[in-house]
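Chain lettering (A, B, C, D, E, F, G and H) follows the sequence in which the chains are written, and residue indices restart at 1 in each chain.
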Amino acid sequence: MDERKLRTLLTKFRAGKLQEDALLRELRALPFGELEFAKVDHHRALRCGFPEVIYCRGKTTLQIARISREILRHGSDLLATRATPEIHKAIRKVDRRAAWHASARCVTVGGQPPKGKGYVLVVSAGTADIPVAEEARVTAEMLGARVRTLYDVGVAGIHRLLGHRTLIMDARVIVCVAGMEGALASVIGGLVRRPVIAVPTSVGYGANFEGLATLLAMLNSCASGVTTVNIDNGFGAGYSAALITRGDGK
Amino acid sequence: MDERKLRTLLTKFRAGKLQEDALLRELRALPFGELEFAKVDHHRALRCGFPEVIYCRGKTTLQIARISREILRHGSDLLATRATPEIHKAIRKVDRRAAWHASARCVTVGGQPPKGKGYVLVVSAGTADIPVAEEARVTAEMLGARVRTLYDVGVAGIHRLLGHRTLIMDARVIVCVAGMEGALASVIGGLVRRPVIAVPTSVGYGANFEGLATLLAMLNSCASGVTTVNIDNGFGAGYSAALITRGDGK
Amino acid sequence: MDERKLRTLLTKFRAGKLQEDALLRELRALPFGELEFAKVDHHRALRCGFPEVIYCRGKTTLQIARISREILRHGSDLLATRATPEIHKAIRKVDRRAAWHASARCVTVGGQPPKGKGYVLVVSAGTADIPVAEEARVTAEMLGARVRTLYDVGVAGIHRLLGHRTLIMDARVIVCVAGMEGALASVIGGLVRRPVIAVPTSVGYGANFEGLATLLAMLNSCASGVTTVNIDNGFGAGYSAALITRGDGK
Amino acid sequence: MDERKLRTLLTKFRAGKLQEDALLRELRALPFGELEFAKVDHHRALRCGFPEVIYCRGKTTLQIARISREILRHGSDLLATRATPEIHKAIRKVDRRAAWHASARCVTVGGQPPKGKGYVLVVSAGTADIPVAEEARVTAEMLGARVRTLYDVGVAGIHRLLGHRTLIMDARVIVCVAGMEGALASVIGGLVRRPVIAVPTSVGYGANFEGLATLLAMLNSCASGVTTVNIDNGFGAGYSAALITRGDGK
Amino acid sequence: MDERKLRTLLTKFRAGKLQEDALLRELRALPFGELEFAKVDHHRALRCGFPEVIYCRGKTTLQIARISREILRHGSDLLATRATPEIHKAIRKVDRRAAWHASARCVTVGGQPPKGKGYVLVVSAGTADIPVAEEARVTAEMLGARVRTLYDVGVAGIHRLLGHRTLIMDARVIVCVAGMEGALASVIGGLVRRPVIAVPTSVGYGANFEGLATLLAMLNSCASGVTTVNIDNGFGAGYSAALITRGDGK
Amino acid sequence: MDERKLRTLLTKFRAGKLQEDALLRELRALPFGELEFAKVDHHRALRCGFPEVIYCRGKTTLQIARISREILRHGSDLLATRATPEIHKAIRKVDRRAAWHASARCVTVGGQPPKGKGYVLVVSAGTADIPVAEEARVTAEMLGARVRTLYDVGVAGIHRLLGHRTLIMDARVIVCVAGMEGALASVIGGLVRRPVIAVPTSVGYGANFEGLATLLAMLNSCASGVTTVNIDNGFGAGYSAALITRGDGK
Amino acid sequence: MDERKLRTLLTKFRAGKLQEDALLRELRALPFGELEFAKVDHHRALRCGFPEVIYCRGKTTLQIARISREILRHGSDLLATRATPEIHKAIRKVDRRAAWHASARCVTVGGQPPKGKGYVLVVSAGTADIPVAEEARVTAEMLGARVRTLYDVGVAGIHRLLGHRTLIMDARVIVCVAGMEGALASVIGGLVRRPVIAVPTSVGYGANFEGLATLLAMLNSCASGVTTVNIDNGFGAGYSAALITRGDGK
Amino acid sequence: MDERKLRTLLTKFRAGKLQEDALLRELRALPFGELEFAKVDHHRALRCGFPEVIYCRGKTTLQIARISREILRHGSDLLATRATPEIHKAIRKVDRRAAWHASARCVTVGGQPPKGKGYVLVVSAGTADIPVAEEARVTAEMLGARVRTLYDVGVAGIHRLLGHRTLIMDARVIVCVAGMEGALASVIGGLVRRPVIAVPTSVGYGANFEGLATLLAMLNSCASGVTTVNIDNGFGAGYSAALITRGDGK
């Protein structure tokens, strides 16, 4: 219910065409009802262009195709994470623009043009961390962030990392993707004074417990300014990073 | 090795008083050596004004007083977290300006003047979460962020939260402090499109396991844009939040 | 041993046809013996109509068919959870009435007619939680409860949930099915003053640990009136919910 | 804002004493604002008599006294859990009616008169479980439930439990409080066809892990119809049990 | 080196056909060397008839066949646990007597004749626990224990259990196999004054964590006289139970 | 109700001094009621001499004194574990015979005379494990078992252990008490072919997690014939060991 | 930046073709920059002969072949762990010298000649631990260590272990590989006064939790001089062991 | 039993003064008997000078004094870890040489003179880690190792660490003590090619879980050559480090 409709009701009421009880009934429905929806929709318009996201794991290709069709029908952008080539094919049948990002395991349609000057830097420690790093990159780019990447710079060879310190220090926000003991987040957090979003990956074995050891290490980082997301959650990190850069242009 | 010494070496070298090999040997020692220190100090100057932080728990009052003296001697601001009135008294003997923030359990000296227009919103769920929320507030303010607070708005009475939606939606970044099941982070994350930093607190009992349940819930938030810090780490959240607002003025 | 038989013994004893020792031996056998069985069987008759339940996972189709035959031979209703289409076929060969509930992964034969006015409301957060929610629905209906459902109303879009507040508030008992951080249980628990049975699902990844994070969150709900069942245990929640509504008509 | 006030505004508006814009401004504030509160208050009135609850642990006696005064000023009943004799004294200064329930560690003021015929049965396994059981009892009684208790009937002496089977089977809902391996919930759940709310206690040692073993055992109960609350959460169990009995009179 | 060989050496030595130094050299090798083996073999002879055990999981059929051949060549009995029909076939090629125990997943060759009057009672809670229970039975029988079984008597239908109390109370030792919440061990431990060996099984789901919940429950049993073995370790329970009965005839 | 009272009733009944209905009323109360108790008492009589056990932790001295008085009034033996000198004093006021076992932290009154030839061997690894070992010894002796002890023979100095192999190999059952990595249970289990009851103690630090590491190690023992009790549960081990030796004389 | 480029700059500077400030600017960039790389390479040359290691799990055969080619092109030795015969074939196409170590699941090219007199002793408890033990052996040999092995000497048959005590006591460092309860590390640690590196394996079941129980046991070893590596990390243990022997020849 | 005694027996046997059976009985007792003890004692003599260690926690001052007296009476060196000033006083009464190491919380008497050229480097990350680091230093020095220390060089300020790279790279073995996320071990492990012994400390809060997070991180180190000891086990690390340096002089 928008303001116009409300004014119409009031006018009718003052004109005696609407009973007080009927008006009250309408008003009582407002708080949690349609006005709520209207509000949110309006709010949606404001943040227009944010892609709708489909987390593919645990959904059938058929389900994903159907959801994609619904999203795209409303002209929204689309981001499907943890996808497969087969899923890409299915979405492509719905919309020819569907692009496949193999290393990120993502399908995208549309996306925001980059704006502003700051960039998100996505850093990863090992080769096996790249899919999660790429998911972060694709996500952030879909939301209009500029992204630069720096892969394979684990702390066991710290000179490789330090050799890129300008790139690191100039970033607006850093997404740091690592498995094993996740020390990369602390080392980078100690080098820069920019927000660092740490993404633990499930890369490791034995007492790594599918990324739990890495997650705990990152949460316990001795460096200030490091926040953490769930294991393998490249999407969440890229999303937050884009929100951070987005604020700059406001 | 500082710049002056380096220039002296170069002058000697150009004057033929120093062999190329001898100079090279000196230069080769640089990367990890003294020049390193100089560099970092220079870098420190750039980010001048960031307070030095003392985590008081596990340190004696004497140790804290000594560390405070050293920090303040260099004209730096000071933030002591998890402090006690006794610690405050000890720091006050070192510097009369030392202020005591009772609910935040912090001592501060100096701090940055607020700048920019955006504000950090610190939201907390229960009364018992307030010390952690206040720690976040004091930390962010020390770094020059504007901070507004909204306390005691847990999800079990969601209308209280929704009643403040404008305050919530207009924030540059939101620090969300909650214990028990930590649902507040997800609800707020679903309302706004701003970065949300979730702080699990150790408020709870039984299967809460000193905040572990809350931490896991926040890491698993179904809302995009939520990152998490360690249990009770109000400092870390306030620090990251300030870094995020700081970027705006760049 | 029923009362009649006992009186016969006593009569024999008083008539001197039964020795004191022989009577004592009979009496000593009572406490845990036949009388016990008789009692329980009688009790069974009272609660007649409750379906027998087969948890299919870990049983072969052959075993399930055999158990089904035995149950149905006694005229009892039947509920098989975590079933497959193949299992459905096998049970259908035993009894033609066997119905297949695809999304609930259940097979049912018979079931109680709905009675009373109150209804169980089954709410679920995400699409992936639906199988568990449906298991709860089918179970509750088999026990004669009226059930209404409200799916896909997670807290990340809280307006969708609030838009149905009448349906929620009028329920006799609410089964709340959610994965990830399980915040839905707390939000609903805060809205209503009806018993809420929370069902954590194993929907999630990383630090969700197959539903453990969700389970802990629900156990720590800040809302009063929330009880919890095991991960993915839609059956248990539906069963308890039906028992709660059943009491009303007594 | 209640309905009366709203009608007054509308009357003024129709009478031309209030401008449309002014009225709109008032109405716009409704959805999440005062009307919301009014709504909730109205809703509160419906469920009138529910006590306000203070969880005392982690609050100072001063804070508790202040919160108590605020609650009682509005004529509400009051329940303070995990209280101490000292806290009781402090609340008694606020309201002379404040009663002290030593074994339940609760302070109460007011409370609902019992109604209906069904009763909540609170069963506990060991002597050490009694404080939690009593908290459940006091809570349920405050909400107007009839409560009966059966203490010290652990499964290691199962005859004691079975000797009271009539009391058990006739209950409307059973709150089952146990520590150690928590087998009591399963045994009772197998005897009755009433909802059983299991409360694990932190009574145990070694591999009990402060009640975790008990909690897991109860969640895994092989008996249908058992739901579980957090460790030592007698309050939550009593609250849910009262909600269940309350529905009967509807 | 067996006793015979040692006696030959001594005879030679006394006959002057072997020098003292040469004999000493042989003897010096004894303590940790061959004599050690001889000792153990001698000791083995004393406890004659104990089968050699092969835990099949993680070994190839070829490896198992080879180990079987070696064991059987020395005339020892053989027990292979966690076997498959394929493994049975392979062992049968080595020794035609090899018997296949399908429900126990065991292959046996030989075994001790039953002796003494006491019996091991193997009790199991659910149908799914039977393989573990059968492994315990076969193991105990291989070691010469008399075994009786009582399956499918879970605590959710406690009358079934109580109906067999004579069988239970007369056992020399009881092996109690259960999954889920493992309450059976406590109930039986409370009924009898015989050693109870509890075997948690990995039967369960969700917060059962592959038998961990059951294991913890059994370790926390409130009944005295209950000891526990590893999850699904029917072999270990059967072995210990046989050792207990064996002592009686000494 | 004991047998004597029952016979009196029957005599009265046969003599016509008691109506059939009155007798039936008495008998009907039997199954789960008094007869139940009588039965148990009768059964108790059979196993005459078993002490009643009070686990003191978490009980007040007053409560313990009261429970002691009740037990001793019936002429039963008494064992109070995890006691203190203060508790001993309190029990001594109830019964002058109360003995204090300082290292075992137990109070005993009465106890069974030793019988049979076999003995329980209690072995402990470190000095800090002795209280738990002594609790096992006192418990087993109270139940009439002969007990021998072998303390301070950890595996880090395995020669000390091996030096006592005759004592070890001749025991009827071995209680093996160890903290840290608990390797003692495996080494002893490999030496003997007698039941070994392993008791993990909470002696250790860091990743020992209050005995959890020791418990897990013992449950995973590579030696056959090892069963385990809860952390620090010397009582349970001594109790089971006594039950095992007791069977021999049957 | 390599040395040549640096010399060119210096030559230019001395020749007056480069300003001091310009040179300084170049030098200031060194510490973390290209020179860094040069330095490390130089450092690499010093420790020449250390093989490059590829952890194969989670990499495709194609990726492994490509990485192998790059390593071998620089004349380095190569060690690929957790490999398969298929991976061996792929590497062999790159370099004909590629050797396949089946039980160690490793591929090697080149390797250091053995030097010094001390040897690494690799001990393993069970047959199933051999792959991890062999990985340790191959790794240590690649780094130029002499290695001896002693397999299948678990503590359940301690005489087998003690029979080889000379071999054990004479080792320079011992790698001790064991699953289940991992007691072998403590027993060996108690026998020798040499560093012992314990490798927990994931051999076990139930409450072993994929090697966690073994890991905890080893970390809690009561023997001094035992350090531990991650579960199944034969490579890490072999690597550390070789570093220890290597120091001797310095 | 020594060789002389054995020769006497053989002589008697050959002379016919000892029966073959009697000799055999003596020989059969050898393997685990006296010879064992003799052997071990001899071995002890070889490693003479190693200090005896008392872990003070959980022992009374009286007990410690008594153990100290026994150790010192045999002329052995003494090391008491986790001591207090009060314990120091008690040991000093036994032996005037007893030295108190306040920051290491150790008491020492005697100790080995330093030998060899290599040194152990003890590195620690934060001020709070120093007690554990000092325990490692004192332990290693007691065993005759040269020790150098480098404290307060956490990875959040990596330049401080890199500034000391010569000291680090020249060490024979490095003990790396850190809490929080323990990244220091990986960074140092990546810099050097020397064995690194990582010591996780319980310094941290929240999701550090008393050092568990640090321990897991260190076990998962991406750097080769890192082994780990138990949480806070400075003693164990110092002990192993000394064993490693000790081998060099052999």
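One rule holds in what follows: contacts are C-beta pairs under 8 Å (C-beta built on N, C-alpha and C of every residue); 3 or more make two chains touch, one makes a residue touch a chain.
Just so we're clear, the structure is a prediction, and the values are computed from it rather than from any experiment.
Common neighbours of chain B and chain H under the contact rule above are A, G. Separation of chain A from chain D in touch steps, taking the shortest path, is 1. Common partners of chain C and chain F, by the touch rule above, are D, E. Least-squares overlay of CA atoms from chain F onto chain G yields a rotation of 175° to the nearest 5. Distance between Cα centroids is largest for the pairing of chain G with D. Between chain A and chain G, two chains of identical sequence, the interface residue sets overlap only in part, with shared numbers making up under half of the total. Centroid analysis (C-alpha atoms only) places B farthest from chain E. Between the CA-based centres of chain F and chain H the separation comes to 39 Å, rounded to the whole angstrom.
If you average the Cα atoms of chain A and of chain B, the two centres end up 24 Å apart.
Between chain B and chain F the centroid-to-centroid distance comes to 56 Å (mean Cα coordinates, whole Å). Multi-chain contact residues of chain F, defined as those touching 2 or more other chains: 32, 36, 39, 162, 206-208, 212, 215, 219-220, 224, 230. Pairwise, the chains that touch each other are A-B, A-C, A-D, A-G, A-H, B-C, B-D, B-G, B-H, C-D, C-E, C-F, D-E, D-F, E-F, E-G, E-H, F-G, F-H, G-H.
Of all residues in chain D, only 31-33, 36-37, 39-40, 57-59, 63, 200, 202, 210-212, 215, 230-233 touch chain B in the complex they form. For chain A in complex with chain B, the residues that touch the partner chain are 43, 47, 50, 53, 118, 172-173, 193-195, 197, 215, 219-220, 224-230, 235-237, 239-240, 243-245, 247-248, 250.
Taken in their complex, chain A has these residues touching chain G: 127-128, 157, 159-160, 162-163, 165, 203, 205-208. By the touch criterion stated above, chain B contacts chain G in their complex at residues 3, 6-7, 10-11, 13-14, 16, 20, 23-24, 27-28, 30-32, 35-36, 39. For chain H in complex with chain A, the touching residues are 125-126, 154-158, 180-183, 185-187, 189-191, 204, 206-209, 212-214, 216-224.
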